[in-house]
Amino acid sequence: MTKNTATLLISCPDRKGLVAGIADFLYRHNANILHADQHQDSELGLFLMRVEWDLHDFALTPEQFAQLFAPIAEKFEMQWRLALSTHRPRVAIFVSRYDHCLVDLLYRHQAGELHCDIPLIIGNHDDTRWIADSYGIPFQHIPVHKDSKEEAEKTQLALLRHHHVDLIVLARYMQVLSADFIRHYPSRIINIHHSFLPAFLGAKPYHRAFERGVKLIGATSHYVTEMLDDGPIIEQDVARISHRDAIDDLIQKGRDLEKIVLSRGVRWHIENRILLYANKTVVFD
Amino acid sequence: MTKNTATLLISCPDRKGLVAGIADFLYRHNANILHADQHQDSELGLFLMRVEWDLHDFALTPEQFAQLFAPIAEKFEMQWRLALSTHRPRVAIFVSRYDHCLVDLLYRHQAGELHCDIPLIIGNHDDTRWIADSYGIPFQHIPVHKDSKEEAEKTQLALLRHHHVDLIVLARYMQVLSADFIRHYPSRIINIHHSFLPAFLGAKPYHRAFERGVKLIGATSHYVTEMLDDGPIIEQDVARISHRDAIDDLIQKGRDLEKIVLSRGVRWHIENRILLYANKTVVFD
Amino acid sequence: MTKNTATLLISCPDRKGLVAGIADFLYRHNANILHADQHQDSELGLFLMRVEWDLHDFALTPEQFAQLFAPIAEKFEMQWRLALSTHRPRVAIFVSRYDHCLVDLLYRHQAGELHCDIPLIIGNHDDTRWIADSYGIPFQHIPVHKDSKEEAEKTQLALLRHHHVDLIVLARYMQVLSADFIRHYPSRIINIHHSFLPAFLGAKPYHRAFERGVKLIGATSHYVTEMLDDGPIIEQDVARISHRDAIDDLIQKGRDLEKIVLSRGVRWHIENRILLYANKTVVFD
Amino acid sequence: MTKNTATLLISCPDRKGLVAGIADFLYRHNANILHADQHQDSELGLFLMRVEWDLHDFALTPEQFAQLFAPIAEKFEMQWRLALSTHRPRVAIFVSRYDHCLVDLLYRHQAGELHCDIPLIIGNHDDTRWIADSYGIPFQHIPVHKDSKEEAEKTQLALLRHHHVDLIVLARYMQVLSADFIRHYPSRIINIHHSFLPAFLGAKPYHRAFERGVKLIGATSHYVTEMLDDGPIIEQDVARISHRDAIDDLIQKGRDLEKIVLSRGVRWHIENRILLYANKTVVFD
């Protein structure tokens, strides 16, 4: 049974009466609240909220909601967004040769863990086409070379527009996107970095972790910004290693981390659980 | 700077308008909400809430609150409790010979991690008196033998009453409390069991974990009920072991688990983060 | 590059001179030891060892090894086994409807994480055939009903013999194997149980974990013995849950645990890292 | 019962016959090996070994061992060290105002977890003297100011020499030691850094972790070298945080990490489990 709910995400200056105002509005229009969570950042004087309600008895269409909620939003200087569970976001996956994150995402999608549509996989190599095929998802091979990068990004952007893509997932995509490309999808590109950021940002993090002799390796999913590996962190996890682990073992153990950390980030984004502020994320559970 | 807040804990049948009703009440009396968290158990149709607000501008005394909130509470059939951060709960610690949890709790108390008073430590052995002394806390040695248990519990209860104790912490107290004793402090006795419950309930869990060949050992803090090791679980954690660990290593590794898991349970209770229902806990973070 | 090594697994009564005897034997026949690990169980007076060496310069064939090592083995009353890395064990996977462990194992196999051949997948339902197909592995649908179980097991055993299967992996296979079946593959059937054993053995562990209100859920891979869920534990892991997790969330979080815990167990078995004694495992890392 | 064992630590170029040579030597002198572990770094062609045996029937005194083992050591170009369990290393603890690691170490020492003597605690503040007093350990207050640092280190070194100190533990000692000081105790100073190195090296790591929005905080115990926070890592661990955690919560959660990670590092050093190479540690378990 598909659920039929609305999720409201709000961020605004913290003030008395906010919760009462919102709760009262929802109650008056007959919302049955399923989850509500909020966070105050006392230092920044910021109020952040996520509230989800059943649409069964709810009196308003999204358009009516927008109209009637506007005065409250204005009064409290809110940034807000309403998301319906019936709207499945459209996700494009970018991939290179490493296929573990791609396989993991497609399996989770097919198993019903990710409530989204995946209209498009873009690979700068052709190696993972067979995986896309086995899940029946269109695969586009767009090679990227030093000289052709601008051209390639144009092709990619055209495809993304054509497929009305809402979110781009870099599933171990081994190319750095241009600032121009990123500006088209602000806070809508999720990357997996194979280290515990901010340690080992940039290239070959497992090799550098091995050299430094750390006792845990990590993975980080984050939104992509123009600064490499510096965007808001969504999720991180670590695994224990020992002197018995060679670089190949780190890479193998890391794959399991990468899969889990990326898929959590994607799921939380899709479920509208993430709010951004001050280059950080609030993840409402 | 000590904070001056009120925390309201509510559990009642789930209904529309609950959040609006509560938020509106607090707003009208000028509460500045610092944290609010809620949980719906859809299967049981239950609504649980914890809300904490700054008392600085709040218009009501606790007595006025009780009076004015009563109609709302009645309308929604609420069980509710108001706790003030200025009220420090009074905690008694029961201990036998193992002293690691006692030392840990006293250090955390002194370091300001546990906002409570500790007017009393009761030991059925005298071994840990020196620790109580070094932290300047009264220690009562009440031996417990097969024949003297009833008598001993009477003495304990008298002391607890005398010291107006709100919460009893069994810090590896190696005696089983009688059902009669427990009835005096329902949901107000916290025990640490040195296993991952419900595995290895009862005696000698590390020995049985060793025999069974498990790969992780655990610890569980829980409220004490008349059924041994069956009360509502507050917190659990585990540590990895290997074939290299003998029973003594399990016991040593377990000590670190026990300290952390018990102290978390006690802290959450003191901070009014725990709601009980259906022999389970909701821990609001 | 495939490695070309031999692994010797030994268990025997602990005695002086054991390591010297074995190391000297290997040295005299020009073995280049890559890894050596040992364990003494002082309580049982048991010595357990795993030693792996490069076969490049090694002077003996397996047959010669058996002949020349026999006197040492006899002197020290050893149980021993020699495994060559060039021998890929033959693994059959049993599956029902849940497909996550199957998909995970097949992906890891294809990615080179599991050095084995998988000649056969047996399903008591036909649902996962498409997955077997996409990896090009033969799938046999053998329905199991109350009355047909004995017959079904006969068919299964015939297939296993036909394919020279060394190890059976129960990848969430929802049928209990008969004692007679198990006797054909002693210590060669690995199961994944979706709880932290010995907690919640038997049916519906996630439901019972939810009811008991535990704060962590677990998974356990173990060898199958005639006693249900009582065989030697190979690996366990846990994941944190909260009151926000409904049973469906437990099941979803549990899937990730099950995949990792089962695949580790299978890999360690294949890599000859596991020694069994006293209903426990030693896993040499 | 105190155990009476010898531990031999070896590092040398990897060669055939090493294990056989060592095992044979020990066997001929009637050693009963309790544990033996080894590691080959194939890239560097390095062999590392730790072997521990019961001295009960052992035929050699340490002096005889040194004499008779010399030819083998020379042949294989070994660096080696023999440690007797009856020799309790002498440990000095340096501390500033934060007392949690000090309290933790002293408790573990008194509980028998750390097989060492602690003849001396040096504080650059006097705040923790009462803790030293309650455990009956001499406390020296040596203030350190910008101008007096050289003088202070001279006083410290004199005290360390006087007390024949083998190991210095910096238990949240908030002063940077001079290169000259460090040269007196190469690989014999253990520090706890309150971050997951190499992330957030230097000052105020919790504040920077908070700012960066990481989802896990960490702690690292490491040997002190002249490069700040760059010495060989002994142990690391992490704890999960969320947006609900303010900096004070990070600091509080971090304390538990720091205690555990530092005490593990100290224990492993004392138990002669650590070998150093290439600015890394091998920790034999």
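Letters A, B, C and D mark the chains as written, and numbering starts fresh at 1 in each.
As a convention for this text, contacts are C-beta pairs under 8 Å (C-beta built on N, C-alpha and C of every residue); 3 or more make two chains touch, one makes a residue touch a chain.
No experiment lies behind these values; they were computed from the predicted model shown.
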Average the CA atoms of each chain to get its centre, and name the chain whose centre is farthest from that of chain B. C
Which chain pair is joined by more contacting C-beta pairs, A-D or A-B? A-D
Could you grab the centroid distance between chain A and chain D? Build each centroid from C-alpha atoms only and quote it in angstrom. 42
Whole-Å gap separating chain A and chain B, where each centre is the average of the chain's CA atoms: 37
Multi-chain contacts in chain B: which residues touch at least two other chains? 42, 242, 244
What does chain C use to touch chain B in their complex? 39, 42, 196-200, 212-216, 218, 232-238, 242-244, 246, 278-283
Under the stated contact criterion, what part of chain C meets chain D in this complex? 16-20, 23-24, 26-28, 30-38, 40, 42
Which stretch or stretches of chain B touch chain D in the complex? 99-100, 103, 107, 111, 113, 134, 242, 244, 252, 256, 260, 285
